[in-house]
Structures are given as C-alpha cells and as structure tokens.
Amino acid sequence: MAGDGTTQLIDEKGKRLDGRKLDELRPIEIKIGVLKNADGSAEIRMGKNIILAAVYGPRELHPKHRALPNRALIQCFYRMSTFSVNDRKSPAPSRREKEISMILSNALTSVILTEKYPRTTIDVYLQVLQADGGTRCAGLTAASVALADAGIPMKGLISSVAVGLANDKVVLDLFDIEDQKGSGDLPLGYSPILDEVSLIQLDGVFTLEQFEEALHLGIKGAKEIYEIQKLALKEKYSAIRNEVADEIKPSKKEVKEVPKEEVKEAPKKEVKEVPKEEVKEAPKKEVKEPPKEEVKEAPKKEVKEPPKEEVKEAPKVKEKEEKEDE
Amino acid sequence: MSEIKVENHEIVIPGDLLAEGEFRCGDGVVKRGNSYYSTLIGLFQDKGDFIQVKSLKGKYFPRPGDLAIGKIIEVGLTSWIVDIGSPYFAILSGNNATEKRFDPVKDDARKIFDIGDIILTKIISFDRTKDPTIITNERGLGKLRGGRIIEIEAAHIPRVIGKKGTMINMVKRLTRTQIITGQNGRIWVQGKKIDDELKAIESIKKIELEAHTQGLTDRIRAMLSDNQQTTLGDE
Amino acid sequence: MADNYVISEIEKDYILALLDQKKRTDGREFNQHREIKIETDLVQKAEGSAIVSIGNSKIIVGIKATLGSPFPDTPDSGVITTSAELSPMASPFFESGPPSEAAIELARVTDRAIRESHCIDLSKLCIIPRKSVWILFIDFYILNHDGNLFDAATLGAMAALSKTKIPKVKILEDEEVEILEETESLKINHYPVSVTTYKIGKNNVVDANLKEERVSDARITVGFDEEDHIVSLQKGNYGVYKPDEVLQIIKESLNVSKNLRKELMKAIS
C-alpha cells in the first residue's frame, strides 16, 4: 500500500534517505548453488533483503490430476520468514504471499520452455529471510538464476526491480521506507534479451508521464541487474574451469609430453583459451566420423560372452555415440 | 553472412546470443528471426554449420534404449513404479520383469522386486505423453545386489564413460572394481575392498566436477596412479 | 509427506556393512559431527538470528520479541515459544502445509533444552506482573535437510539468543509500556547444547546424515549445560535400547557436547 507521500524522502541535493541517487540500485550480490538438495538454487542480497531461492524439478506432480497434458506446471511459493520483518509475521501464509506466489509463477512460466516437460511440475521456493522492500522483485531475480542453475531450458532470464514515487519523483529500487512512505510502487519483471515485461504491478498514484518514466527507469535497472545475474552464473561454472586450468599447468610440465608453447599459452584466468589447445580430448571430433557399424556390433559380440560386465559396457558405448550425434 | 558470436566451449546461459545466419541447431538452442540463442546453462559447441549447447546440469530425460538404474518405490499387483531419476516415474509391468510369463494370480510381485530394490533396466518406450516403460527381462538386467550407488548429473555420464569407454575402463582397471553406468546418472560400483570402491567413487566425482574441462583422462590417470602404486604393479 | 523417501536396499546394506567395520560412509568416526558452521546476526530485523550448518544440513533461527500477557500460572515470567518449519525448499521430500509431526517434535525438543537449562531468566522478561511480559519467538526454518536437525537447532537457538538484543522499556503512569529505541543484550546464564545419537543396526553413531538417519531404528537427543547437567532428553523413532546402552550413549554424548559447545562459544565470542 502506498503512503500519503508527505514524508520527506529526498533531500535538497537530490539524495535519498539511504544516500542513493534517484536512479541508483542498492548493492546486489547473487550466489548460485547455495542449497545442496535443490536441483538449482540461489541467494540474493539486494540492500538489506536476503532471499533464498530453491528449484525442484521437473518432477511428478501430486495430485496428478493437476498436471497439464501439454506442458510443465510452474509453481512458485513465496514465503516470508516470521523474523524477516519488524513485527513478527504469523507463520501461516498470508493472502499477500499467495498472490505474490501466483504472479511470480506466471512471470516464470513465460520464460521457461514448459512444453519440453508435459505433465510435470517445476517448483520454485522463495524464502525471504530479511525483507527490506522489493522482495518479490529480488525473489524473481533470484528464482530465474536458480532455474538456470537447475538446467531448466528458458528463453532468457528475468531481471526484476521495483520503481516508485518518492516526493513525486520517480526513483529506482524502493527500499522499505520508500515502499511504505512513498506515493507509488511499480514492481517490474523484465527480460532484457527478449525485451519482454513478464511482471508488472502498480499501486499508488502516477501521472502518465510518471508511469512512462518509471517504466523506462525500471528497464534501465533491470538491465543492470541482468549483468549481475549473468556474471554470477558464468562465474560459478568458470570457477571450476579456472581451478583446473591452474592444476593442468604444473602436471603438464612434469609430463613433458606437451609442446612447450601450449604450456605457455594456457593462461590461468582466461578460460576461453585453454580448451583450444587440448581439443584432442573433446568428444566433439568423434561426431564427424560416426562409427555406427562398430558400435552396433560391439554389443552383440560381447553379450554372447561372459555375463554382466560386457552387457553393461555395450549399451553405454552406443548411448554415447547417440548423444554426440545430435 | 553466417557468424558465430561466442567462442567454442564458452560457458553460455539462457538468452545468450550464439550466432546469426544459417545453422543447424541441436539441444539448447532456439532460433528467433535470423538469430540463435541459448536456452540452457552449458558449454557452447561450434561444429561448423551445426551448433548446440551442451547442458551441464538438469534432470535425466529418458530415451528408448537407454540403460538406467532405477529404484522400486511402489509395488502394485501386476507392476512396479520405478524412480529412474527423471521427471517421470517409470512403469515396469509384470510381463516385462522376468523371462517367465507373469501370472498375477500366482506370482507375488513383491517377491520379484520389493520397495527399495535397485534394478538395472532398459528403457523401451517414452514419448512425454506417457510414462516411460522399462524392462528387466533381458540378459544382464535385473536386481543389483551389494555394491554402492552414487548419483551424478546425467549430463556428465558420457564423460564418465569416455570415448568408447576408455575413461570408465581405466577407472575400473586402476581401482579393480566393477562399475555399471546408467544413462540416468546413477552409477553402481562394486569392489572387493571398500577402499577400492571409495577410490572409484572419488574419481567419478572428480570427472563429474570437471566434466566441462579438457585433459581430464590424464588427470584421472595421474590421480589413480598416485594413489595406487601397488595396483599398477599388479597389472 | 515428510517421509516418502525410499532408501534403496543397496544403500541400506552398504551403510550397515560399513558400520560393522567401524566405518561410516563419509569417513567420520562414530562420535564425530560433520563440519559445523555458525553465523550470527544475519537478519537485522530479528532481535537475534543465526544460520547453522552441520555438514549439508542447514537451518536458520530468528528471534523476535513481542510484548504480551504472561500465562496465568506464571504471572511474573516472560514466555518463550518455539516453532519449526520444514520448508519444502529444504528437501525434495518436504511439502508445504501445516507443520508436520517431525517439525513439531524438532521445535519441542529444542524448546525443552532451552527452557530446562534455565539459560534465560524468564523473570527478567517480566515487565508488569500479570499484565505485560516479553514473548520471545524462536523460529526455525530448515533450509537444507541432510539429517540430524536437532543438534543444529539447539546450536542455532543458543547462538541467536546470545546475540539477541531486547528493547528497553519505560512504564508509564497508567501501566502503559513504552518501547524505547535503546536495546540491551539478553543475559544468557547457561549454554545448553544437544547431541543426537542414532541407532543403526547394532551401532550407535552421532550426527547421522540423511541416509544414515533413514536407516536408523531410533535416536536419542540429550541436552547438556556447561556444568555437565543433563537438561533434556528425547528418544525418537521405533527402536529400543538396553538400559546400559542408554547410559553409554549419554556418557559419550557428554563428551561430544563439549566439542559442540566449543564451536558455539567460538561463534558467539
């Protein structure tokens, strides 16, 4: 609910109560893969907001009759911890939480390639550990990277931020006090890659000009958030590769099988470079000479001979070729 | 006109622009207009006129012919429901379970496979509109006894197996274990000694962790050879 | 539905076979906890908070203080109340809905260790007898379930309480209570920790991981204060113990409790 707009939220120098400029985001930190049991997970800190996102699925839906014959159902569960706000929140889910869960589910559905997994559910759990305004937006930002981390196919990520009115000025990324005392709030979910708005709500009083300004400011903010999401995801996977790149160097030197240039060239941090030298290893080359005959025969020959072990082998080889063939 | 926008083997995320122009595309790629975008987090693979994104994570998707390691989670009168680690539970019907004809009047399904049993199965059909059907009545399939099960990302199974099985055969040889790899990411390991099993598991975990890197076979060999001087002598 | 995880016979046999060789699947000793991490003051909106990990089990505890009325039978005591939620975020086998039996047991067992150790002087939480006291809500959310939530919950509760700051109050003329900006730390008199031992086949091990927990027949959670008093005890699940076995477990748990308390004190000092 928007406030009456009378509280002073912006000083003479155009700074907000927390020192930010009108079009400035709060500091954002995103960590990927923070919960081991989940298929994908993320933690976002946006200002004082702390929110965890966990993705499970695609998996069987219970009760089964809710399953959709042609696509996956996306269920987002947005929940506030009792201690996440100033006055203890009742542990039972409120109407607000249910509504937010629904609009977040809708937004996420729009970017997930749901038709790949008919009859299943993909469940996204958002737990707000600390709330500081704009939790649904921070939650949506986290949910979309957690989905990517779960290997769920998507058209693109959603980046989300709230824009609002503070003393009749349009400001980016409302924090708690602005959210309560400001005169308007416009949560926005936007995919920069797709140029699509997947979530938009509004309360308060905006003029048309203010609305337009707010929408553009929201998109600007979303684009900045997108860069942070991207970095967080890429960093997680590159980190492993970097470590390995470091590890390779000394071992190669010892072995001395590799021409010297390679060793020199394998740079520690620039991951891209490393694979080139060692493409020998990469399975992709095989693809061009698909030795199908061999593969088909292999299992038969082997199966006739002793039991278990061979049988295991045979289909494996076949599988592998099939995969690479695609 | 055709132009690739990212380096081969670069890590891409959903929405990344991969290429423009004319390409054939595999998994993890969508075309919008003249442009190709990634739908997955994974490794970009540029194979000339063919591009794809190799997934690094995600649920196992059954394909007919796959070997999968399943766990019985429900027993019915004439069939079993089997968790194969995919979004869909698999159905094993009585007639697909044993070589003998299954007679629901005489045969007790629980005596064949009970809840909690681990079975090696083959997927015979799956088309997304129906649950996958599996069989255990071919040679080598059926209940797995003893040993140990580990789970890794299904996407990394081809890496664990390696070119024509080189990787997995090396691990088996150097750790003196029997290993069965299910395409669904479950791997059964059995050795005479627990330490052997643990070493095999350790190497498989390492392969998984570093699946998207190059030079892995050498590193695994080095790791197992370091730990296993004695084993090498045996061969 | 918190319990629909089917553990395979292979996993079960493997765990049991290893234990008979005095080994655990993750290489730990029988009396050894997984790595413990305690982080406090994560949530500033709470009066106190802590995140505790034991291995991959992860739990967050938040404390909120609210003014309320005392119970009629303890008119000059503050109130502490615990609740736990096994969030579906924490495991593929949890579903949302009202608190499960497991969540209730977790909250109550932890509550007992805190209450019975008298770690907090409840009379200090009384503002006006019969009228106004502090109610401390100790709420647990399980974030990742990998077995043995009990020990994590007690560690978390004590870490959070140790860092809890309660607003000062002023009593106005008509017995109205005004809450001031200024806060003071909650005084902690004792530092109870709980140790949970799981019976798996014939063996007893502390701090089971999820799979060990699933094959266990019974468990005993014992709370100790820093003066080696037993302050709480709960036997869970269907299995049974010989009296000597119980004694043995408690003695062993007492030793283990000292390590846990070390971790606790390190985190809050």
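Going by the order they are written in, the chains are A, B and C; count residues from 1 in each one.
By our rule, a contact is a pair of C-beta atoms (placed from the backbone, for glycine too) under 8 Å apart; a residue touches a chain by one contact, two chains touch by 3 or more.
The shown structure was predicted, so the numbers you read here are calculated from the model rather than taken from an experiment.
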{"item": "Fewest hops from subunit A to subunit C - one hop per pair of touching chains", "value": "1"}
{"item": "Chain whose Cα centroid lies nearest the overall Cα centroid", "value": "A"}
{"item": "Among all chain pairs, the one with the most C-beta contacts", "value": "A-B"}
{"item": "Chain whose Cα centroid lies at the greatest distance from that of subunit B", "value": "C"}
{"item": "Intercentroid distance (Cα basis), subunit C paired with subunit A, Å", "value": "32"}
{"item": "Intercentroid distance (Cα basis), subunit C paired with subunit B, Å", "value": "39"}
{"item": "CA centroid of subunit A to CA centroid of subunit B, Å", "value": "25"}
{"item": "Touching two or more other chains - residues of subunit B", "value": "none"}
{"item": "Junction residues of subunit A, two or more chains touched", "value": "59"}
{"item": "Residue ranges of subunit B touching subunit A (in the complex, touch as defined)", "value": "7-11, 13-17, 26-28, 30, 37, 39-42, 45, 47, 52, 55-59, 63, 65-67, 87-89, 120, 122, 128-129, 139-141, 155, 157-159, 161, 163-165, 168, 178-181, 183, 209-210, 212-219, 222"}
{"item": "For the subunit A and subunit C complex, residues of the former touching the latter", "value": "35-38, 48, 50, 52, 54, 56, 59, 77, 79, 81-88, 91, 93, 123, 125, 127, 129-132"}
{"item": "Residues of subunit A that touch subunit B when the two form their complex", "value": "39-40, 57-60, 69, 72, 111, 113, 117-120, 148-157, 191, 193-194, 230, 233-234, 237-238, 240-241, 244-245, 247-248, 251-252, 255, 271-272, 274-279, 281-284, 286-288, 303, 307-313, 315-320, 322-324, 326"}
{"item": "Residues of subunit C that touch subunit B when the two form their complex", "value": "6-14, 18, 21, 23"}
{"item": "Complex interface listing, subunit C residues touching subunit A", "value": "42-47, 49, 56, 58, 60, 62-64, 66, 83, 85, 87-92, 96, 137, 139, 141, 143-146"}
